[in-house]
Each structure stands twice: as C-alpha cells, then as structure tokens.
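Both complexes below contain chain A, partnered by chain B and then by chain C.
Coming up: the complex of A and B.
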C-alpha cells in the first residue's frame, strides 16, 4: 500500500466493535440489542478485582446488509482481550440461535461474526467454555440455512475456542494483522517448551498463523486489506454466494489425505503447509 | 500434563462395550467401537494415549490434528449410514482428554480446523436426530472437550476426585492471567466456574447426571451396570424429548446471567421496533 492509499483508506481495525458493526450494516438499519444501557455485565469479574463493562465486550446488532436481514456480532478486542465470558458468550450464542429460528419461520437472516478474541475468559473459565460450546452448536445450526461469515481482523487475533468457531463458519475473512490459531503462543511455550515455540518471536508467529499464511494455505476464504469498504464489499459478495456446497469443517476426507502427506519426522515450515494444503484442498 | 495410563477412556470404553473389538482403519489414538446400548446398535468413540503417535505432541491422549479429523470421520460415517433410517444410531463420546495438542506443527496445519471438524460432526449428528451422549470419566479440558463431547445432547460425569473439567491446564491458566498457581487455586475455591473439580462443575447445571461409583478404576459389576443404566436413561430421555439443541443444560444459581441474556435478547429481537 502506498502512503497515499494508506491515507485514503478507512481503517476497519481501528474502529471499535460497535463502529465495525455499524460500518457493515446498511445505513440507518442498525438496531443494537442488549446494548450497554441494558447493563447486563459479567457477575464474576468484580469479585476478582476486574472492572466489568456494561455490554461485556460483545455488540449484537440487527439490521440489513445490501437489503438482506442480518445480525452482526462484534467482539470488542480492546476489552479483556476480547475474551468470552458467561454474558458475552450467551449474547453471541443466543443471537445466532435466534437467527436460525428466524430462518425456520421464513426470515432468511444471516450472521457476520467479528472475531477479535483470545477465546475463553479464564476468570469465568468453565462458563466461558460452556458458552463457546453453545456458540459452536448455534453456528452449525444456522449455517444450514444462511451463511455465517467470520471476520478475523484486529491485532488480538482469533484464538482458543473461538478459533474453532472460525473454523465452523461458512466463510472466513482475514486481514494481514490478524492471527488465527488454537493455542496462544505463550500457552504453547508454557506447555511444550521454548524449543517448540518461542512466544517472543513475532515474525515467526505471523509466518505460521498470520492472515496471509492462512489464506495462502486455504484455511481462510478471503484476504483483505484493513479497509472498511473492501471488507464490506467482500462480505456482500460472500453473502450472495449463499451456503457453500460443503463447509470447510466437513471436509475430513481432504484434510486426512493432506495430513498423510506431512513428514512428521521434521518440523513444519510455512512453505510445506502451503504446498500440501494448496494441492490437497483444491476443490 | 498427567495422564492415567493407559487411560480411563480406554478402560471405560472396554467396560461399556464388553471388550468388543475396535473398528479397523482408525489410528491407535482414536478408538471407535460399535456395540449395543439398550439393545440397539450404538457407536462409542474414545481418544486414548498412543505413545507411537506420529505427531509427538499428541502421544498422551491429547486431541491433535489426526484425532480431530478422525473423530469427524467416525461420527459422519454413522450419520451417512443412517441417512435413510428412521431410528438414528446413538453416538457416545467416552471422555478422558488431557488437552488439545500444543505444538508448532499443530498450529501450522490448523488444529483449530481439525477441532472444528470434530465439533461440527457431533453437532450435525445431533441436529440430524442422532442421540449424542458425552460420558466424562477423567479429564475434560479446553479445546479437547469442545471437540469431543461438549456437543452432546446430554453430559454425564463420574463423581470422583480424578475428574477435572476446565478451560485450560492450571500452569498455563496461571501464566495467562498473571497469577501464581497458588493464587489461582485460592480463587478457584471461591468462584465455581474457575474450579477444576466435579462438584463445582455440577453446580453450573451443565451435567445431566453425575454418578458416584465405589471405585471407578476397579469397578464392581454394579458400578458398570450403573453407568450403563445412566447411558440408557439418557438415551430414552433424548428420544422422548424432541429438542435437538443443547436444551438439556439447565440453569442454576451459578448460571443466572445466561438466563437473563436469553430472555432479554429474545424479547428485544422480536420487538417490532427492531425489525429490519
């Protein structure tokens, strides 16, 4: 991107969750549900000396995208690392369940989920994990009727149980700054040792889990610059594609064939991953 | 991470299926057994330790790349075979999983996608009308639990000190939350969702039933009969109630906020002023 282009673009990742939702929905169509003024916040944080937030870091906004009924669910990466607690998790799962219910009563609601999240909020551990299981269930239900589009944008990345949510989406959009992975770097280093994974080595982390690598190895569907208009255009295009013939998460046959190609005798390289998946996940 | 070798998963899988042979064609870490439950065919799935696993970070019963996708295959085969049958085969996840596999290979080749493969398979099976039961006999930790068991219609656990259910192992959880393990344990003692034990987990309302046995590691015939009976009850319960969601998970005083969110969000979603 040239400096001129950089100055002209309207950054998406610099927006907060609410502004990101507004930017995707048709003008005037946005209705935020269970917003900050409803003051449904985490009941578990104050007792641990952490300030709760009135929307628990999750924005649920109903409206239309290009005239189609949609719900945008945006996780606020700036609040507690976008972590999923009881309330925020229940907001996401319930919104997705209601969208699926809409479809069963003739309203073809689709969902866009903005995934800037570290995964389970460890201060609410088992309730966060349970909520994420509900989210998984709801995505698999809803995507039978309408696409569920995941957008991984923002420097927090998309981790933990919510990276599994990303893997369940009908389509996944990622930008250059984001990372997508199950286990956070510090956790891998803690569990497997620094020889396996050096959590301080940022270029190494992005080479394996950054948005570009994920796109080039076919684990995401669209790679976008950090530009609101481009992201909206990509969402609109993917929505018009409808439900994919087969979801990425349902392609066990192809993935197992690819894994059989992996040389487990040597450590993985970004090049080998791209080579194997680009060949095996052709479809 | 400790494992109770050869693992309670393998042990209980054998007890519940009368030592029936595993289906061929699966790796040693994913044991798939077809056996009967309540006189009907059922598929039992367990992930077990495999010291020779070709992925070294998945040798202690962790769910790695292969395990995630092989679970998906085991579940989806059952769904495909029943496509034209009115009665859908029950699927039982026997759960003793210490964690997902932590490694560079795993991240690079997209272990999140492999776990999504497993979770999607279980959730799809449930939505297609297959009764899915999760039986926790040991550890049920983090992504491994999300991939293997958490999508079940009903969750049953042994009520036993060796049961651990959590979002992350203790050492890592301490590091990420910038606390010492001692501080974490102290908090966990007063905050039920942060605890690792079965008693605290049961208080969250996510279990359909928990079972006290005389000795889960050396069960008497009555212990095995009690677990089998619980699985049969769960099966009957699922078949009686048409709900294919996760509605079997009731709300308790420790999960009241979830109820509040569901009620209010439903009301606001349906409100005429919020229609597009």
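Coming up: the complex of A and C.
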C-alpha cells in the first residue's frame, strides 16, 4: 500500500467498539442497548482491584444495514483484552437471542459480531465460560434465519472460546492484522514447548494463525484490507448472500477425518495446514 | 481500587450526556450527565492507589479555572496521566454541548 493510499483509507481496526458499530449501521439508525449510562458493569472486577468499565466492554447496537434490521455486537478489545465476563457475555447472548426472537416474529434480523477478544475473562472464569456457551447456542439458533457475520479485524485477534464463536458464524471476515486460534501463542508455547511454537516469533505466529493463512485454509470467507468502507461493502455483500446452504461448522465430520490422517511426528508447516483444511471442506 | 468524590461550583446544566475514552492502560472513561444548575459532582474510580493529591490538584485546577456546565461526572481510570485525564474531561464537555 502506498503512503497516499494509507492516508486515504479509514482504518477499521483503529476505531473503538462503539465507533465500529456506528460505521456499520445506516446513519441515524443506531440505537444502543444497555449502553454505558445504564451502568450494567462487572460486579467481580472491583474486588480484584480492576476498574470496571460502565458497559463491561461490550457495545450492543440495534439499527439497519442497507435498510435491513440488524444488531451489531462490538467487543472493545482495549478493555481487558476484549475478555468475556458474566455481564458482557450475557449482553452478547441476549442480543443474539432477541434477534432470533425477532426472526420468529416475522422481522428478519441479522447480526454482526465484532470479535476483538482474547476469550474468557480469567477473573470471572466459570461465569464467563458459561456466557460463552450461551453465545455459541445463540449463534446456532439465529443463523438458521439470517446470517450471523463475524468480523475479526483488529490487533487483539480472536482466541479461546470466542474463536469457536467465530467458527460458528455464517460468514467470517478477516484482514492481515487478524490472528485467529483456539489457544494463544503463549499458551501453546507453555504447553507444547518452544520447539513446537515460539511465541516471540511474530512472523511465525501470523504464518500459522494470521488472517491470510486462515483465509487460504478456508476458515475465513472474506479477506479484506483494514478499511471501514471495504468492510461495510463486504458485510452488505455477505448479507445479501443470505443463510449459507451449509455452515462451516456442519462439516466437522470431514475436518475430523482429515485431522485423523495428520502425522504429528512431522513439523507442521503453514502449507500443510492449508492442505488439510481445504481437503476437509472439499470432501 | 480507590474511590474519591468531589464537588465543584458550576454554571447551567450540561446540554446532554457524553462519553469519552476507554478503561484501557493509560486511559480512562469519562461519563458525563447533566446535573442541577450550580453544582458539578465527580466520582473517580481508579486502580492506582495513593495518588489522591494529584487527583485533588488536577480536578480543582480544571473545574475552578472556568465555570463549566453543571454535570454529574464518573471517571473510571486505568492509570491515565494527568494530561490524558484533562483531555478526556475536556472531550466529554465538548461532546456534551448541544448541537
């Protein structure tokens, strides 16, 4: 990208969660649910010496995209690494449940989930995990009616239980900044050893778990530049595609069959991983 | 966690509520709502202990220099420097002006 192009584009990843939601929804259509001034915040963080944020780091915004009802759920990656606690998790799950209910009542409502998150908030451990399970079942419920689009474009990446949420989405959008994986690099290094995964080696991390690699492995549907207009255009296109004939997560049998053939004795390479996943999806 | 409360004289009520900033490292969140004319109240929640004298000095400098609109202000701080605190407060008051 030339410096001129770089200056002209409007970065999506540099926006905070609220601004990202505003940028996706039609002008003047955004209405925030349980916003900061409702002060539904984490009851657990203050007793652990962490300042709670008034919206618990999750922005839920109702509105329209291209005139169609949609709910945008944006996780604030700058607050506690976008971690999912009891309150923020319940906001996400309930917003998705309400969208599904709207669909059952004859109002076709889609959902856009901005996945800027390290996964569960360790300070709220089991409550956060339970909330993430609620999010998973809510996505599976809603995606029967209207697309649930995940956007993982940001510096935090998308990890842990929320990477499963990403896998359950009807469509997933990523950029070259994205990192997407179940376990974070430091966790893999700790559990499997530095010979297996060196968490200080940034190019290595992106080669294995970066947005481009995930796109070429068919785990991501749209690979976009970090540009608000391009991302909005991609969202609009994917929404007009409707519900996919078969969701990626419905192919788990094929993926498992491929994984069973993998020789763990060989050092994995990004190319080998692409081959494995592609085969899983072609089957 | 430490909590501090302040009260300052103020002008007419702020026109609308406003939100500025995020509780991320070196930053803070300012929630501003209109208050009855004449008084601004501030609650500071901060994860950094033992900096009361700095908050006292900074907030009294900001809120006594000019009569700002009357507001209920909540500050959720994650170790912001005084310069960042001032900018976020000014940003909130700017956004609270009627369009």
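We adopt the following convention: the second predicted complex is superposed on the first by the 272 of 283 C-alpha atoms of A that agree within 3 Å, B and C clash if a C-alpha of one lies under 4 Å from a C-alpha of the other, contacts with A are read in each partner's own complex, and residues count from 1 in each chain.
The rule is short, and it goes like this: contacts are C-beta pairs under 8 Å (C-beta built on N, C-alpha and C of every residue); 3 or more make two chains touch, one makes a residue touch a chain.
If you're wondering where the values come from, they're calculated on a predicted model, not measured in any experiment.
A.B. asks: Check whether A:6 is in contact with chain B, with chain C, with both or with neither, and answer first, second, both or neither.
C.D. replies: neither
A.B. asks: Which holds for A:163: it touches chain B only (first), chain C only (second), both, or neither?
C.D. replies: After superposition on chain A, A:163 lies in contact with chain B alone.
A.B. asks: So, A:190: does it touch chain B (first), chain C (second), both, or neither?
C.D. replies: The first partner, chain B, only.
A.B. asks: For A:53, select first, second, both or neither according to whether it touches chain B, chain C, the two together, or no partner.
C.D. replies: A:53: touches chain C, not chain B.
A.B. asks: Now for A:37: first (chain B), second (chain C), both, or neither, which partner does it touch?
C.D. replies: second
A.B. asks: After the superposition on A, what does A:76 contact: first (chain B), second (chain C), both or neither?
C.D. replies: second
A.B. asks: Once the structures are superposed on A, label A:233 by its partner contacts, choosing first (chain B), second (chain C), both or neither.
C.D. replies: Neither partner.
A.B. asks: State whether A:16 touches chain B only (first), chain C only (second), both chains, or neither.
C.D. replies: A:16 contacts chain C only, not chain B.
A.B. asks: On chain A, which partner touches more residues: chain B or chain C?
C.D. replies: B
A.B. asks: Touching chain B and also chain C: which chain A residues?
C.D. replies: Of chain A, residues 47 contact chain B in one complex and chain C in the other.
A.B. asks: So in the complex, which bits of chain A are touching chain C?
C.D. replies: It comes out as residues 16, 18, 36-37, 46-47, 49-54, 76, 78-79.
A.B. asks: Which positions of chain C touch chain A when the two form their complex?
C.D. replies: Residues 1, 17, 19, 22-24, 27, 29, 31, 33, 45-47, 74, 76-78.
A.B. asks: Show me the residue ranges of chain A that touch chain B in the complex, using the header's touch definition.
C.D. replies: Residue list for chain A touching chain B: 29, 31, 33-34, 38, 40, 42-44, 47-48, 60, 62-64, 69-70, 86-87, 90-91, 94-95, 97-98, 120, 122-134, 136-137, 140-141, 144, 160-161, 163-168, 180-184, 186-188, 190-192, 196-197, 208-209, 214, 217, 219, 247-253, 255-256, 258-259, 262, 264, 267-270, 273, 276-277.
A.B. asks: What residues of chain B sit close enough to touch chain A in their complex?
C.D. replies: Touching chain A from chain B are residues 1, 54-57, 65-66, 69-70, 72-73, 76, 99-100, 102-117, 119-121, 123-124, 126-127, 142-143, 145-147, 150-151, 165-169, 171-173, 175-177, 187, 190-195, 200-201, 204, 206, 245-246, 249, 254-258, 260-262, 264-266, 268-269, 273-274, 276.
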